[in-house]
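What follows is a set of notes on a single structure, which appears directly below.
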Amino acid sequence: MSESRRDGPATGGSTPADSGATPPGFTRSEMMIVAAARELAGQRVCFVGVGLPNIAVNLARLTVAPELELVYESGAFGAKPARLPLSIGDPTIVTGATAAVSMFELFSFYLQGGLVDVGFLGAAQIDRFGNINSTVIGDYEHPKTRLPGSGGACEIAINARQVFVIMRQSRRSFVDRIDFRTSPGNLGGAEAAARTRREEGWLGSGPSVVVTDLGIYHFDETGEMRLDSIHPGATLEQVRDTIGWQPKVADPLPATLAPTSEELRLIREELDPEGAYTK
Amino acid sequence: MSESRRDGPATGGSTPADSGATPPGFTRSEMMIVAAARELAGQRVCFVGVGLPNIAVNLARLTVAPELELVYESGAFGAKPARLPLSIGDPTIVTGATAAVSMFELFSFYLQGGLVDVGFLGAAQIDRFGNINSTVIGDYEHPKTRLPGSGGACEIAINARQVFVIMRQSRRSFVDRIDFRTSPGNLGGAEAAARTRREEGWLGSGPSVVVTDLGIYHFDETGEMRLDSIHPGATLEQVRDTIGWQPKVADPLPATLAPTSEELRLIREELDPEGAYTK
Amino acid sequence: MVAAGTARKLVFSWLGNPGVGGLHAIRRRVEDTNPAPLELEEYSHFGMVGRYTAGASNLPFFPLRSYFETDLPKVNPLIRPIRSPYGDETVYAVPPLKPDVTVVHAQRADADGNTQMWGLLGCQKEAAFAAERVIVVVEDLVDEAVIRADPNRTVIPGLIVDAVVVEPWGAHPSYVQGAYDRDNRFYRDWEAISRDAATTAAWLDEWVYGVSGRAEYMEKLGAERVNSLRPSGSAPSGSVDYGVYE
Amino acid sequence: MVAAGTARKLVFSWLGNPGVGGLHAIRRRVEDTNPAPLELEEYSHFGMVGRYTAGASNLPFFPLRSYFETDLPKVNPLIRPIRSPYGDETVYAVPPLKPDVTVVHAQRADADGNTQMWGLLGCQKEAAFAAERVIVVVEDLVDEAVIRADPNRTVIPGLIVDAVVVEPWGAHPSYVQGAYDRDNRFYRDWEAISRDAATTAAWLDEWVYGVSGRAEYMEKLGAERVNSLRPSGSAPSGSVDYGVYE
């Protein structure tokens, strides 16, 4: 992640708004997507998950990261989709791409081979150390909610050089204890995680950013999430109400720069005219 | 191997000639190539080794086995070479082939996956049980002659459903003990070989025919080579003089049918006009 | 098949309506065992790719760097650690998967089943080589000469194909690169249809049991909708030269 | 490099003059340690393919069904048995190979190194992904649009390419599918040249040290010989349609 980008909001942003209302002009989902896209500045190869990562990464390609090479687990490298694909299995991913390869090749040579800089994931549950659940809510054998499962998320978390997460925060999603560990984050803390990664020969250094509808989190030296930027219109109270633990908060806490009119235009007119991601 | 083919020479052949001279009209090499090609009648998928197998298999495709699918370890399946390739890395193998694939795919899915009916090999040394050496003559560390090595021969012998061998016989090549086992045949005998193949999960059932410039050998129930047909012009004395053990000989011993004029025409005019294989 | 109750067990790595949401018919069977429980054997994507690769290669296992420090090996005892014979490193292994039948959809095949595809390849090749039987469904049946003109484009050789079904639009509501688009409306509609067992059953009655085959199904979809799925233009690959070597 | 004495060790699966015979320069070094001994690390073809695949995939080993009951594991202790975690089956493993440099020859690449090839692919892809550095030598430098028009034809992405060398006829005496033929005369002549250290040295003086580069080398070969290597006709792949999806 580029430092200038990371410092951007701190120097250029306004102070957090007191009101919990969404400011006029953009939605919380739009702010989340824009914030996530900006985090990709300076990155080269990004493995794109289904759902919110898909629109964030495509926005980044059109704005802060024109050189970004998009990898879709379905088997495309260097994709330049002419429209936002709803699914990661979509013909627009292939037409005009640099390479269309088998999933064996994609997972073996690109991901496991260490060529992916950022794995960009969504999730149903996350804990303070960035461990992720996308498998079940409740007990595995008799789940309350059966979720889609790993897809490629398990190996992306282990083999991508770093992991970005984008998800809406709530008491059900930001939990003290995830019900199932689908993708490892910083395990029980930074020190143990670093040792495990070294001993088990992981290429990845784990999660580095979580972008939600309320703010942007990075991971501190203990391996725990810390709120480093709060979105315009969001309050600390809202943040605390939607997290199942006492979150660490940067001090001072800058406000995320609001979406620019160009970022909003790209989302609304080019990427998601039907509002599938931004409702 | 088709039974009619196998019995062919016995019913239709002449008795062995007394004279050791090559009969007029064809060379020993031509007889060897023709005999080897005929053994391929009824086969579907043949993995073609470099050298003599290459011309024998291509002759078979033009005569007794028009449906034969040629697999070249360099990565071609269903090759229809418009000329005889000198090497297995030759563009004529690809133009007009059914598929051109990576060596990973060829060795993994086609060979190891069990789709190859016949692996057709040449060799420098062979013993009575069909074990093959194509690595060194003499000691491995300080060889008298350093040979090319396995190439694909090692895994072909293990994974092809059966193995055909074509080689000129001599005291140096048909030996009591090979100097190095590059490709396993019937090991120390049929019974032990069958047990080993079962226990180690081999797909192949080992060598089934050896064609030389003097005759055709199959393997009997003990797993040992037996001379089942002698080429016109060759004598039993010549056979025994060029084998490093007391060879088993079928009784009665039929003579191999001489090459037909069409077989000779194909070799001389279409496959090997420069005589690279038939000198 | 899950909704219709004909599937007993799923071996899988992802269960979703891509880009839309969950799969309610599966959720009903897993969460409520309605109408019957559904057995699950769960991997990640790479795990499934490895399973097909081992199946196609006749290997007893396939090694991969995944599953470290996750709960997947705990709920699936077939995901097992394996130690490298070089150094003391341990990775995970998955067992071979050899489907009874693999069905592949492709752009074209010849009468012998030699099949070519372009676009996303997934793990269709590995799944085909791993299978006991292979059925290829194609948009176009072509002459053998078309296949042999571009041997690097061949993904599945006729050698392993048991049947070729010529069924244009056979992949709907999914897509075929260059032929038609993904029918996103279908996936979005499915979200509402599949939420309820009764509406799901009604849909099956109308669209599966109620049509004689693919042709009637496409006719029922209507020409306007079908035509809207055609690509807006062509994007030719261009031709390369293999050369004549005689 | 073996003849010139600059190579110290060979890691290999086959040492021959394809279709012609042995390699005398190697034989001299191995049999007579002349001019110096040559260290050998020997596998089979599939073993080498497995080594590159493990290197490209960052796997600590690659399993394969080969080497059973042969002498190869005895002379190469890096070929090791590995037991399957499913049942009690044992297969063999080879260790990853990560070349310092992989040099690949291909028909075409764009300026970013995105490389396409057709014809026999060997294990060039695996060797490239396994390598620390990749040099691509191509017949033609093409526009990025040519590559992107046919993404399934891309074998090596520019992402892993360090240098693109545009050198027509750069594969001589070998061939390039569709561009020129294998110069079999060269391989046959080499048999006699390489039989003797002195004639080998003279050849190196004339054809390697004595020319300024590939262009002079081709000129020295002569137009007649070069022209005789061109394919006798063209064999076009034909074009397929990826479709525009906007």
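By written order: A, B, C and D. Residues from 1 in each chain.
Throughout what follows, a residue touches a chain if its C-beta (ideal position, glycine included) is under 8 Å from a C-beta of that chain, and two chains touch if they have at least 3 such contacts.
These numbers were taken from a predicted model, which means no experiment stands behind them.
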{"item": "Joint neighbours of subunit C and subunit A, given as chain labels", "value": "D"}
{"item": "Where subunit A and subunit D are represented by their mean Cα positions, the distance between them in whole Å", "value": "41"}
{"item": "Approximate Å spacing (C-alpha centroids) for the pair subunit A, subunit B", "value": "60"}
{"item": "Averaged-CA centre spacing for the pair subunit D and subunit C, given as whole angstrom", "value": "35"}
{"item": "Overlap residues in subunit C, where contacts from two or more other chains coincide", "value": "53, 58-60, 64-65, 89, 91, 118-119, 121, 125-126, 149, 152, 177-178, 181, 231, 235, 242-246"}
{"item": "Junction residues of subunit B, two or more chains touched", "value": "76, 90-91, 94-96, 100-101, 112, 159, 201, 203"}
{"item": "Touch-based graph of the chains, sorted into line, ring, star, complete or other", "value": "other"}
{"item": "Chain-to-chain touches, reported pairwise for every pair that qualifies", "value": "A-C, A-D, B-C, B-D, C-D"}
{"item": "Complex contact set, residues of subunit D against subunit C", "value": "58-65, 78, 80-82, 84-87, 89, 91, 93, 95, 107, 118-119, 121, 146, 149-150, 152-153, 177-179, 181, 231-246"}
{"item": "Touching residues on subunit D, where the partner in the complex is subunit A", "value": "53, 56-60, 114, 125-126, 129, 147-148, 151-152, 154, 157-160, 242-246"}
{"item": "Residue ranges of subunit B touching subunit C (in the complex, touch as defined)", "value": "44-45, 69, 76-78, 80, 82-83, 90-92, 94-101, 105, 108-109, 112-115, 159, 201, 203"}
{"item": "Sites on subunit A touched by subunit C in the complex", "value": "50-51, 54, 73-76, 85-91, 93-96, 100-104, 107, 111-112, 135, 140, 143-155, 158-159, 180-184, 187, 196, 200-203, 276"}
{"item": "Complex contacts: residues of subunit D adjacent to subunit B", "value": "12-16, 18-20, 22-23, 26-27, 30-31, 42-47, 49, 53, 64-72, 75, 89-91, 118-123, 125-126, 174-178, 181-182, 184, 187, 231, 235"}
